[in-house]
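In what comes next, chain A is part of two complexes: it sits with chain B in the first one and with chain C in the second one.
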Partner chain A sequence: MTLVLTKLGRYIGNSWIINDLSFEVKKGECLALLGPSGCGKSSTLRLIAGLDKPTKGSIFINKKNITDVSPVERRISMVFQSYALFPHLSVAGNLSIGLKIRGASDSEITRRVTSTLALMQIQDLAHRKPSELSGGQRQRVALARALLRDPLVYLLDEPMSNLDAQLREELRPELRRLIFHGEQPIVYVTHDQQEAMAMATKIAVLNNGKLEQIGTSKELYKTPNSLFVANFIGRPQINILSPRDGAYLGIRPEDIYFSETGISGKLIYTEWQGDKQLLIFDTARGKLRMLCNGDINVPDSCHLSWSKGKEHHFDKNTGCRINPQ
Partner chain B sequence: MIYILSFPAAFLLVIVFLLPLFRYSWLSIHASSVITGLEVIPNNGANWFRLFNDERFWTDYMQTLRFAVSSVSVELILAILIALLLNHRVRSKDLVRALTLLPWALPTTVMALGWRWIFNTPYGPIEQIFKFLKLEPINILSDPNLAWISTVIGDVWKTTPFIALIILAGLQTIPDDLYEAFRLEGGKPKQAFFRITLPLLKPYITIAVLFRLAQAFGVFDLIQVMTGGGPAGSTESVALYSYLNAMRYLDFGYSSTIMIASFILLMFACVVCWFIIYNSKRLFQKSKL
Partner chain C sequence: MNNTRNYLCLILIWSLAPIFWQAYTSFCTPEALIYPLKNISNRWTLENYTLLLSSNPSFLRYLLNSTIVGISTTFLTLLLAIPAAYSISKIKPIIAGWVRLFLLSAALFPYVLLFLSLLEIARALNIGNNLFALSIPYSALNMPLALLLLSSSFKDLPIDLEEAARLEGLNLWQRLRWILIPLIAPATASTSILIFIFSWNEYPIALTWISKTELLTLPVAISRIAGSSVYSVPYGAYAAATVLGSIPLLLIVIIFQKQIVSGLTKGAVKG
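Entry: the complex of A and B
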């Protein structure tokens, strides 16, 4: 099963909120749409789901053009950020409502709801209302509803952003176990790069409705295509040094090391991060962030260096990557 | 100590609600009329015996019930439709909302007078339209079988906006996500209305219906101005009858009895209504799991 978007665009008001977006998600792949708020990642999801109509471009599921097909016929499961559970229905009611309106038989409804409840281990919650559930439980119910749909494509819109950090980490492996082993392509919207790296096989970075770069998290980290991607991927943020020879120089904080020969810098800020510490130096080329071992006692002024191979160059005008000759 | 803070509210409630209630209850078991020289004399519940055998009271009660039930149900249906319309992206939303609310802001006597003229024979516009269409004109205000419908029309016109506003507030609490999730599952707009909108509006509908039912049951000014209870008493409401007893026949004792009786009957109607709404699940959907 595959999901393909070709030159997808959506025009609202007087601007393209999504423009020329093309990508392919293959069988069993999970693509994370990553970007700052307002970059068009949720809008993309809505276009795939069929909740909005694209102004141009096409969407294909299993090589079939579904651009003008109704949402239900696309057979898509979407997990909403708010979970979108029906507050007046019990958990079982929330699971069964779709089957009911699509005219499934009573025995089939009972069978599938029971098995999905068992799979998610939420049999005890079957008769509770969403208001009587915790955040984590609601999320499970939302996932259960998505699973029950038996879709061709899974769409997840920031499914964990309403949970606290600890719960989120606990749920990640489970989410992968339940959904990610399947045949279906998955599109996962998030603004959290940690989550994107943990969940996705590929990451697409969006900015202003345009695709900046698509690739594995390693590719995005090692060879960012643009200044935007370089800035967006990797924490602490990459150092961008003022332009020389028509190009910005980018160097990651973790690639900087102490050396006698490097440029001199004055320590102005220290942030303790457990095993690591983030240091900020004031240097002749501006402020430099550096990540180093947490055990080192850093003197107030020192010399910093990095290897040529770790440098990233970006065009001063376009922000595009310049590969070294 | 903290209870002191609720004193103003409690005081107001006692003054405008409890005191009159007790006073009328007390008066309802006494004779106090022009015959007793407006003295209050105990009469062993004679008022209540009179009430049970008073055909005019029971006719009025049924007429009031007919008026209340039909106007509130028509209002509710219209209000839901209007609220659904207003909840959509309407151009110049605020202006439309303000216009919708206008009838409600108008004093009842003024608008009742207006309706009386609209239904007037032979000068009212309805009559003119009938004439223009070369139809047999019906004089709705002087037909004992139809006059009550004109009062329902007047009431619907005036108070539909009020219910629409409550329903609109309810609609705005329903997140769009729910409709989208429902759509992805294959739900049609009509199904969405019956399976999502209506169940989630239930608390708002309950409030609106109970509130309006109580109000419609005590209808006085609209009927007094539009028909005066006529023709042949066919639109007379319980409140109007009670008013006539007190102000025309100067029988305060019996007037109070009517008041208290209608109060009890209204409470009963409200409980029945509440019960129906809260057990309405089966009316809307068959839920198995």
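Entry: the complex of A and C
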């Protein structure tokens, strides 16, 4: 099964909130849509789900053009950021309502709801209302409802952003176990690059409704296509030095090392992160972030350097990557 | 703290005292009302009530009439208002704003000015002396209020819920039936009560549309209670009628108290 978007665009008010968006998610692949708020990642999901209509472009599932097909017939499961559980129905009611509407028999409904509850290990919650559940439990119910649809494509809209950090890490492997082994392509929206790297096989970085770059997390990190991607991927943020010869120079904090031959810098900030420490130096070329071993005692002024091969160059005007000749 | 409590007591006395006074009056003989402080032998009586209930038709008949009008008005109004309110909550904000403005001005219109023309309509259509026909102007008069309350409660529902339902395959009618209407139940309850109370209290239209004695609604029937002569005012009977007339409303409010309060305060705090 595959999901393909070609030149998808949506025009609202007087601007394109999504423009010329094309990508392909193959069977079993998980694509993370990553970007700052308002970049169009949730809007993209809504277009795929059929909740909104695209102004131009097409969507294909299994090579079939579904651009004008109703949401139900697209057979898509979506997990909402808010979980969107029906508050007046019990957990079992939330799971069964779709089956009931689609005309499943009572025995089939019972069988499938029971097996999905068992799969999610939430059998005891079947008769509770959503308001009586914790955040993690609601998340499981929302996932259970998505699994029960037996969809062609899974869409997950920031499924973990309402959970605390610890619960998120606990749920990641479980989420992968449940839906990331199947045939279905998965589109996963998040603004958290850690989560994107943990969950996705490919990451698409969006900015102002446009696709900046698509690739594995390694590709995005090693060869960012633009200044925006370079800034967005990698924490602490990449250092962008003032332009010379019509190009910005980018260097990652973890690629900087101490060297007597380098430029001199004055230490102005230290942040200890356990095994690593983040240092900020004031240098002749502006402020430089550096990530180094947490055990080193750093003197107040030192010399910094980096290898030519680790440099990233971006065009001063367009922000596009310039590959070294 | 103490001040707040005193203030509350004052307010309670202010609003409850007339009701208690009415109840007290309904059990008093005319002599006791004239000489409240004098020591007379026949102070207490049930005669006011027996008089009401034994009259022909019995006062219970008027209670029944008003209940019929109240229920049919509430039902008719909700039937029309719920789909309309849903649409108002879905149209473009700027158009919805204008619709709300019109509704508000309609709600503020002094409807007493309408009753003569309404009477002409009733006559032309020959729907006078019909309790169910009364609920047509009643529901029209309540429509602005019902639309305003219901559409804002539709709007308060998270959009995700309806979209999740769409993805589950529920069509518009199914979404309303299984998801949206159950979720706005508190607002529907409080709206229903307001509509019911309006039709329970309404006087000018009921007075002009209904002339048959056995079809009168409560307020008109009460106004027709007569004393033993034109010179005596039957205070006791009035009071007894008022007490009997408020009991059904009190019961409704007590039973649905929770829903009413949550409906009226909904949207005030995001939950």
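Here is the rule we go by: the second predicted complex is superposed on the first by the 325 of 325 C-alpha atoms of A that agree within 3 Å, B and C clash if a C-alpha of one lies under 4 Å from a C-alpha of the other, contacts with A are read in each partner's own complex, and residues count from 1 in each chain.
Here is the rule we go by: a residue touches a chain if its C-beta (ideal position, glycine included) is under 8 Å from a C-beta of that chain, and two chains touch if they have at least 3 such contacts.
This structure is a prediction, so every number in the text was calculated from the model and none was measured.
Chemist: Should the pairing of chain B and chain C on chain A count as a clash or a fit in the superposition?
Modeler: Superposition result for chain B and chain C: clash.
Chemist: Under the stated touch criterion, which partner chain does A:A49 make contact with: chain B (first), chain C (second), both, or neither?
Modeler: So A:A49 meets both chain B and chain C here.
Chemist: Hey, is it chain B or chain C that touches more of chain A?
Modeler: After superposing on chain A, more of chain A is contacted by B.
Chemist: Contact-wise, after the overlay, does A:P71 reach chain B, chain C, both or neither (first, second, both, neither)?
Modeler: Once the two structures are laid over each other on A, A:P71 reaches both partners.
Chemist: Given the touch rule stated above, what does A:T110 touch, chain B (first), chain C (second), both, or neither?
Modeler: The first partner, chain B, only.
Chemist: Identify the partner contact of A:F80: answer first if only chain B is touched, second if only chain C is, both if each is, neither if none is.
Modeler: It touches chain B and chain C both.
Chemist: Regarding the shared-chain residue A:T270, is it in contact with chain B (first), chain C (second), both, or neither?
Modeler: It touches nothing on chain B or chain C.
Chemist: By the touch definition at the top of the document, which applies to A:S90: first (chain B), second (chain C), both, or neither?
Modeler: Only chain B is touched by A:S90; chain C is not.
Chemist: Pick out the shared contact residues on chain A: the ones touching chain B in one complex and chain C in the other.
Modeler: On chain A, the overlap between the chain B and chain C contacts is residues 49, 51, 71-72, 76-78, 80, 82, 84, 86-88, 97-98, 101-102, 149.
Chemist: If we count contacts the way the header does, which residues on chain A are in touch with chain B in the complex?
Modeler: Touch list, chain A to chain B: 49-51, 71-72, 76-78, 80, 82, 84, 86-90, 92-93, 95-98, 101-102, 106, 109-110, 113, 126, 149.
Chemist: So in the complex, which bits of chain B are touching chain A?
Modeler: Touch residues, chain B against chain A: 175, 177-178, 180-188, 191, 195-196, 199-200, 202, 287-289.
Chemist: Which stretch or stretches of chain A touch chain C in the complex?
Modeler: On the chain A side, the touching residues are 49, 51, 71-72, 76-78, 80-82, 84, 86-88, 97-98, 101-102, 145, 149.
Chemist: Applying the document's contact rule, which stretches of chain C touch chain A when the two form their complex?
Modeler: 158, 160-161, 163-170, 174, 178-179, 182-183, 185
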